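Naming follows writing order (A, B, C and D), and every chain is counted from residue 1.
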Amino acid sequence: MDYSQFLAMKQEIGLLVVFLVVFLYDVFMPRKGVAADGRAYVKGTSLVAVISFAIFTAACFLCPCIYEPASAFGDMYVTTAVAATIKNILNVGVLIVLIQAMRWADSDIQVVRRGEFYQLLLITLFGMYLMMSGRHFLLFIIGLESASLPLAAMVALDKHRHESTEAAIKYILTACFSSAIFMMGLSFVYGLTGSLYFVDIASALSTQASTGLLTIAIGFVMAGIGFKLSLVPFHLWTGDVYQGAPTSVTSYLSVISKGATAFAFVVVMVQVFGQFYTAAWEWMLYALIILTITVGNLFAIRQRNMKRFLAFSSVSQAGYIMLGVIGVNEMALAALIFYVLVYIFSNLAAFGVIQAIENKTGLVDMDSYRGLCRTNPRLSFCMMLAMFSLAGIPPFAGFFSKFFIFTGALNQGSVAMYVLVLIALINTIISLYYYLLVVKAMYISPDECKVPAFKSATSERIGLVITVAGVIFLGLVSCIYDSILALCGVA
Amino acid sequence: MLFSNILIYFVVIPLLMLGGLALCRNIKQIRAVAVVGSTILTGLSVYLLVDYLGLRAAGESAPMLYCDSWTWFRDLNINLSVGVDGVSIAMLLLSSIILFTGSFASWKIEQPKAFFLWLVLLSTGVFGFFISVDLFTMFMFYEVALIPMYLLIGVWGSGNKNYSAMKLTLMLMGGSAFLMIGLIGIYYQSNAPEHTWDLLKIAEYGVNADWQNFLFVVTFVGFGVLGAMFPFHTWSPDGHASAPTAVSMLHAGVLMKLGGYGCFRVSMYLMPEAANELAWIFLILTGISVVYGAFSACVQTDLKYINAYSSVSHCGLVLFAILMLNTTAMTGAVMQMLSHGLMTALFFALIGMIYGRTHTRDIREMGGLMRIMPYLSVCYVIAGMASLGLPGLSGFVAEMTIFVGSFQEADTFHRVFTIVACCSIVITAVYILRVVGKLLFGPVQDEHHRQLTDATWWERLSTATLIVCVAAIGCFPNFFANLIKFTFDGAIFRAIGLN
Amino acid sequence: MNFEFEWNSIMFLIPSLFMFCCGVYGFLTRRNMIAILISLELMLNAVDMNFVVFNRFLYPGQLDGMFFTLFAIAIAAAETAIAIAIIINAFRISRDIDVKDLSKMKF
Amino acid sequence: MEATIPVLILAMPLLMFLFLGLFGKFLSPRVSGIIGTAGMGVVLLMCYYTAYVYFFSGSPEFINAEGNRLQAIICNVDWLQFTDNLIIRLGFLLDPISAMMLVVISTISFMVHLYSNGYMRDHHGVYERGFQRFYAFLALFSFSMLGLVVATNIFQMYIFWELVGASSYLLIGFYFTKPSAVAASKKAFIVTRFADLGFLIGILVLSYYTGTFNFTDMTSVPVAGMNDVYAVSAETATGVFNIFQSKAAAGFMGCSVMTWALVLIFMGGMGKSAMMPLHIWLPDAMEGPTPVSALIHAATMVVAGVYLVARLFPLFLVNAEFGGYALDVVTWVGAITAAYAAMVACTQLDIKRVLAFSTISQIAFMMVSLGVSREEFHNLGYMASMFHLFTHAMFKALLFLGAGALIHAVGSNDYTDMHGLRKHMPITHITFLIGCLSIAGIIPFSGFFSKDEILSSCFGNSIFAYVWMSAVAALTAFYMFRLYFLIFWWKEHKVHEGHHAPKDQPWTMTLPLIILAVVATLCGLIPFGNYVTWDGHPYDFMAHFNWTIAGISLAVAVIAILVAARMYKTENPLPAKMRQAMPRLWDWCRNRFYFDELYMFITHKIIFDKICRPIAWFDRHIIDGTMDGLATITNKASYAIRGLQSGNTQNYVWVYLIGALALGGVTVAVIFLFC
């Protein structure tokens, strides 16, 4: 075996190094800190994790070699400039998540477990890398599972809270079920084509007529990936898990996991089923998008818990992301990547505020946000920007990403796409409604605010500054989108 | 160079104002920033007007002047393109005047800093919209102008403000949803050699004939929502009723004009063939708007509702005239936009001032205000006279231009609707005089009102400015008509034989 | 190419499908979470069987299916391990592993 | 003629309006009264000068070699350009009728300005509140009215038409704390607005087909070798007719388009001139201060409708010649209104209302006169109408100002509060009597001549018209003398004794009365036909004077006066008996044939209750309800599907499974069924 082919996986190796640094530091450093309940812990784990990950992220950005296309393991693993970019984007997101999570991870309850949090998180990220770069369903499954199973543990991290455990159980059970269905679908695909390589499956499919079994198999595969993306009707875990999980985990779950899976979904659909049989999976996706956006919005309307609210908002956002998949062109792909990027920043800005408030007061209800602008004007300002960006209001980044994804989707020019985009656009009105509800609670409600004026921690502030800057500038600074589009054009 | 173009300052100055406001420490500084900024903007637009007329007099015949373009999103061909013609200049002038007067009208607002921040953000959007000739940029500014409305109404409004603010925002966003699909459709379906957002280029090459009808309808409806076209007007009464004074002024005065302007600039200008074919649908709707709004206004008892319905009627006339597709009517439409903008701003300013004193807007609870606050009452009468089309004030010239223009369309359908629209002048008189009679004349209804004071200097300044503008248009209409007309005489309409 | 099952493969596929359905049925009806996990194992094993059968009867020249099965077994084990850990934690908190009782968060 | 003075004629009142309006409150009432009166005096002189130059200078731009008077456009400025041809210009057209109107308006306006100095004060000489405003409004009205009569094009006329409406509104509602005044002003404005709608549409139709707004382009031909000088010509009007024939031959509802246009334009005139059924605002307009009634609602503004028809008379005439009905409509409306108003005037209590109905009736005379005017009778009717307009302005202003003096002295509008005032107010008595004699048509007072000409032209048209109008003339004499006797005779009033006894008013009020009385007496002797005819060609009235008709009408008038004297000179039961003899008729007349009630019914019960309210309801409940309904449906849907998220993991899995199966299954089914 030629071990040099591992060198093709530069980002994965870098990530493993970060993981090892954190792991070794956490395991072997003397436990000098003492938590409130008397248990000892290693000081500085968070800092090590964040700094090493920051170095890794920066290195990935700066090192040109990672953008070179490469493959390994007999083309089971393929990386391209686009994939590298997506990974970089996810890295930025993860970095923000880590920064935002520091305060929570360092809290008295979590401090003894925070090493596990960072390690599990890095492992799931690793799984996502594999998922995005895998060109063989075996590698894909391994990536998918290692991206989702540790997440269950992360969801359960708050182990004394009933909600956390409940969420974890719901997550693990549905995840397992979904992977079973997914693999069932795969087995049919395998039976029909005799290979698990994406390329081979595609070429095998291109020579045979469509059959019912294949369609059902595609449906199963879509359901399996749609589960991770929380597409309706595979989304039902989302609300409960987002609500129950520790907020840092929720934010990770909502942006990173979703972004990675979206990209993987594009790869699978385009590379495996894309050449042939477009009509079938596109119509399936068509239906899924409509359902996802609509149902997600309808559920989001009534939510009072901010995390649960953002869960359903993220369901509908996933629908918008899928508009980039259904477009099947480089513009749509670029729009999708850009959308994910913007979504990461916007959603993390919202979660940053939620975490800041939850860490201080333990309140996550929308009602407790009433009158927030009078006690914590800056936090509420950040939250408002995040909401506007998620709703797609200019001049914030969300507007641009939404506009581009619609532009990308309409590139096809079919009437059906116009109808789809129109439905999506009408749904933006509903989404605007519930995003404005938050703004209304913060700015318009005359009530006395339950959240007292407080000063948030430095890490939270840094996180918020980064995300808000992103929300404001990602769209206005055109070179970001232009470079993504250029990359996709090359790929 | 970005800053060598005069138009860009219409966006830069509001942005600087935003920065300045953010740094302000007390109300005096805030007022100073607002007044200085809006004065500069007004001065700038007057300068632009003069300069533009000079250029036209010198024989410039390009459809848009001061054109400039800076690449923004290269691959999508999105540019920050600016350029103006007479219509946009008229709108810029209107916006800056209303911003100026609006600043004075909100002299004593609570939480002034946040209020002015949002107000200036809103006007940034408005100015940006009027100077843009790039569909994307235009749309972006359009939405920038919409959303501050929510907070301005929600926070500073009165009455059922939560409901109204939400309804207004959602309905307008609904409009812009249609708009977005229309604009992207135009981007893809234009006959230009490469996909472009550039208005002038699209206008030059035209839009794919198969798609025009669809795109025309969605864009027209999209802008029509903001233009308060029946049956998409219901945000207007509630929204205006709840909005604070300056916001009502800016919204009715300028923002609703975005609708009319957009209808013309995008729907009609880019897709004249579809406009020609489908105008009748919207003519019916706008024709209904005109009388419907007027009739509804007749029985309202809330001052702002009356005015909001009157706006529905007047703005309906704007769209109605645009749809007539001839130079005269369209010129009239723009004059009506100017006129309605100024006079409705005046109305809302006055209503706000009266409300600030009496704390009621119900005309049944007020009366004989002429004795108590003569200045405001006289201004109200003048605004009313402008609204019902008294010669010498702006309403008359605008309406007459519209009616004469519309009557040039000789078929029965157009004739009937023109006459129906004409009827609005009677109904307008009914509701205006009803209000004037109940509110200002007659005996004093509420003895507590006798202690109230008349206008303060900033209120006087604000209203007097508007009245002077209304009278200026009313007395020297040809100046404005000539400013506007050039656009509609322009080559594009002529080329396809519609004019 | 028509997808024609050979008799032999059918002999194995029917039980695997049956197993899968049993697994699904169990998953949907059992209230004890351990039983649910067992049902899950049934489903996963059915998938494994599928892969092996397809490999063995349709594509005997390769080992893709076999390897997939091996990995799938490992994954199943990992899933179960994590699930059990969480279930144990749940039991610690509420002394109850009935899945119906875990519905505090809803709507 | 130089444009300076004509421009100043318009500019002066406008500037006075702005000056008094903006700075009036910084001036004392006395000063502003003096400024206003003096300003109007200057305007008066300028108008006289202009009229003098027009009629008597003999300049070739005003009169041609054959002695025909011409139309001269003194100045004309583009105000608003619609299309290449349709341009609103503001200009100054000088022709016989506009020159005459300048005289009328400036005279009456000046008298009223002067008179108001006295009238708008109480008995202690304290000025009424808003005195400055009053003068400002008077100036505004004068400006608008002068602008109206000198209009060079129909749109300019419309502009000033609206402006006089507005100033009338402001002046009627001068006592704005009085609800009745507010209601009256509103009514006046809205009713005339409604009529103006017809006018506007008429203008639109006319201008669309003729392609011009200019009067001169529609009714006159340019005089060769002169700029902006035109001669009225039936050929041009025929040309207009032909344009209509060629462009809109079909007509509409049985009438030609031209007829429609003219009738619609006449509708505007009906509104302003208070022709039935649009007359209802005028009696109510008497809520305004009496000088205003004299100026606006008797002498000037209300004759604008007559003036409008006269202005477009060649078109009407051509239309009639080719069988159009426009002029017949004018006649019929005029005839019915004249009789109606005269009947109503016989029963009113309020002296101003009597005068108001008398005004309506007299204007209807002018309308009839225009309506019966035909080429074959040398268009005597046109001349008669203008003549009557002139004399009527004088004597009606006189009557109104006299009534004002009475009201001011007594403090009431009601004649039952007056009775027997002849000894207390001798000057008022004499001047009022002159006015009454004049309107009754007694020789040698001015009314006799003008009315006689009208009756002559009616006689020329048809015997029916002549009889009808003569009867109305008799009624006129009757009700005027009824009024006169009831005010000044009937019986001595006890209240009138003592300190507060009514007496003649200060000189500012009596002087105008005397001047107007003199004018009203003498102006009938003016050889009007030399100055004002429809085509500018002098018409020697005396050559065509019909002594029989004159004699009959004089006799009728005298008889009517005697009847009135018998009934009302002294207190007697005869009027009551008459009333009992014809109760139904009396009731209808007293209640003005229930027109107000009818309008009330239409506006409130039908327009407000059956149109406005349902629309407002529809808007709030259906349109708004739909929008709210969409929101509610969304909310309901959201609530309805919440069961999906039951919190039970197994349900989630169920949904998942069904979703996954359906995704493939439905697609398979669709492909199977449709492909």
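The rule is simple: contacts are C-beta pairs under 8 Å (C-beta built on N, C-alpha and C of every residue); 3 or more make two chains touch, one makes a residue touch a chain.
Every value quoted in this text rests on a predicted model; they were computed, and no experiment measured them.
J.: Does A-D or B-D have the larger number of C-beta pairs in contact?
T.: Counting C-beta pairs in contact for A-D and B-D gives the edge to B-D.
J.: Please name the chain that ends up farthest from chain B once chain centres are defined by their CA atoms averaged.
T.: Computed centres place C farthest from chain B.
J.: Distance between chain A and chain D based on Cα centroids, please, to the nearest Å.
T.: Their C-alpha centroids are separated by 77 Å.
J.: Using CA atom averages as chain centres, what separation in Å is found between chain B and chain D?
T.: Chain centroid spacing, chain B to chain D, equals 37 Å.
J.: From the mean C-alpha coordinate of chain A to that of chain C, what's the distance rounded to whole Å?
T.: Their C-alpha centroids are separated by 27 Å.
J.: Distance between chain B and chain C based on Cα centroids, please, to the nearest Å.
T.: Inter-chain centre distance comes to 64 Å.
J.: Note the residues in chain A that touch 2 or more other chains, in rising order.
T.: 169-170, 173, 177, 239-240, 302, 433
J.: Two or more other chains touching the same residue: where does that happen in chain B?
T.: Within chain B, the residues that touch at least two other chains are 170.
J.: Residues touching two or more other chains, restricted to chain D: which are they?
T.: 631, 642, 645, 647, 649, 653, 657
J.: Identify every two-chain combination in which the chains touch.
T.: Contact pairs between chains: A-B, A-C, A-D, B-D, C-D.
J.: Sort out for me which residues of chain A touch chain D in the complex.
T.: Those in contact with chain D are residues 169-170, 173-174, 177-178, 181, 210, 212, 215-220, 222-223, 227, 232-234, 236-237, 239-240, 280, 283-284, 287-288, 295, 298-299, 301-302, 430, 433.
J.: What does chain D use to touch chain B in their complex?
T.: Its residues touching chain B are 78-83, 86, 88, 155, 158-160, 162-163, 166, 169, 173, 176-179, 182-183, 185-186, 189-190, 193-194, 196-197, 200-201, 204-205, 207-208, 607-608, 611-613, 615-616, 619, 623-624, 626-628, 631.
J.: Could you please specify the touching residues of chain A with respect to chain C in the complex?
T.: That would be residues 137-138, 141-142, 145, 149-150, 152-153, 156, 159-160, 162-163, 165-170, 172-173, 175-177, 179-180, 183-184, 186-188, 190-192, 194-196, 207-209, 211, 213, 239-240, 243-244, 302, 308 of chain A.
J.: Chain A touches which residues of chain D in the complex?
T.: Checking each residue of chain D against chain A gives 631, 634-635, 637-639, 641-642, 644-645, 647, 649, 651-653, 655-668, 670-672.
J.: Could you list, by residue number, the parts of chain C that touch chain D in their complex?
T.: So the residues of chain C in touch with chain D come to 24, 27-29, 36, 99-100, 102-107.
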